[in-house]
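The two complexes that follow have subunit A in common; it is paired with subunit B in the first and with subunit C in the second.
Showing the complex of A and B:
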């Protein structure tokens, strides 16, 4: 993901702003990192450049 | 575009299981572009303006979002709940977010939001619990994901933003219009195309002006 994505995303649970922590970057592309909700503190992983903004209870579940 | 022709085979009979099985022969994890994708892309490419922020919900293979990326000068984003779809869309060069519907998108973010939902009405007893089922099944009434999409759309639309929703005659046209109205959205059919067993529509969804309480 690119940093500009931060303008359009929020915490899926309480819609608060997210804070970006970058672990791995390739030029402008953020490959790995964490998005943390500034309100509830929930964390969302960025893996292979894709932020996973599913709430924790949906993250591992398959299709529903 | 391998799935383009077999959509015409679909009919409202009890052979949905066989139909889904046919689909599985081609692809088991990610919905591939079909004529509904082409119809939605064609409409949205022509309404998007330079500099717009555009979101495709439930992007599947990422094909529609890729067309928008190539054919317009908008900032294009795509989301899907399916991790395999997210990877497919990312590999097409689209900014991809793994998400449930519109849940993680900030208010007033997008000028255009489009969605080609799973819409085949499916008997609960015939549900296959896998990703392709999720991509095709609209639940018992075909509107499983249409309802949450419509109820949250206004929140993420920027001023003068619009939604574009693809539905089939299977989805229940009048029901969708009435659910949209309840969510404060005006519905205008901007494209219609008939196939042997269904008609596809692209609906333009515009927030209805409210004198008060417009601050959703």
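Showing the complex of A and C:
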């Protein structure tokens, strides 16, 4: 995920801004990290460069 | 039409549904239909476009001919892996995992929102359409392709039991409820007798 996309994405539940914590980066590209909602505190992982912004109730059932 | 004929058609219909609806099947939705739908939108170069339910990237490929700013969202990483093979994971397309009914995007983020072959899976299509209206810029367009409601009663019974189908009146109702204006429909069909696709274009109010 490109860091510039922080201006586009938001929490899928309450649409508040997300805060980015970077675990691994390759230049502009965030490879691993966590997006945390500044309002509700829900966290969303960035997995192999793809932000997983599924609401928590869909994460398990959508793994298939 | 006799009962057997109906059953045969229902079986054919069921077969194509179960096998085909995971990806977009050329029997109901092919390159030509996609390209025709794309031409209805007139996407300007550089426009930021969201492809909801991008799946394997069939529509994404068409959208990339118009603009290099395409964002693809899908709930299944496995479907998207086929798209990664085509476009790279971090190259031409920005990919996200997410839910169509609860989009992870800020208001007015996109110039165009596109979704083909996905609406039939949404439990609450109006919720998803409201989200499309929220994330598309005011005055701009969304395009949704779904399966048109079959005319024969046997096919209808099958359709009703499996997933969402709708006709133009129902599409009007859903898009109006979601707050869209200037709603228009185009019925598209790959071959005579094959299931029809209904393509709806609507505009978010200014």
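The rule is simple: the second predicted complex is superposed on the first by the 61 of 64 C-alpha atoms of A that agree within 3 Å, B and C clash if a C-alpha of one lies under 4 Å from a C-alpha of the other, contacts with A are read in each partner's own complex, and residues count from 1 in each chain.
Please note the rule applied: a contact is a pair of C-beta atoms (placed from the backbone, for glycine too) under 8 Å apart; a residue touches a chain by one contact, two chains touch by 3 or more.
Bear in mind the structure is a predicted one, so any value in this text is a computation, not a measurement.
Contacts of A:8 after superposition on the shared chain: both subunit B and subunit C are touched. When the shared chain is aligned, subunit B and subunit C each come close enough to touch A:51. Overlap of the subunit B and subunit C interfaces on subunit A comprises residues 1-2, 5, 7-12, 15, 44, 48-55, 58, 62-64. Considering their complex, residues 71, 75-78, 80, 89-90, 94-99, 102-107, 109 of subunit C touch subunit A. The touching residues of subunit A, counted against subunit B in their complex, run 1-2, 4-5, 7-12, 15, 44, 48-55, 58, 62-64. Those residues of subunit A whose C-beta lies close enough to touch subunit C in the complex are 1-2, 5, 7-13, 15, 29, 44, 48-55, 58, 62-64.
Looking at the complex, you find that subunit B touches subunit A at residues 53, 55, 75, 77, 81-82, 86-87, 90, 95-100, 103-107, 109-110, 129-131, 133-134.
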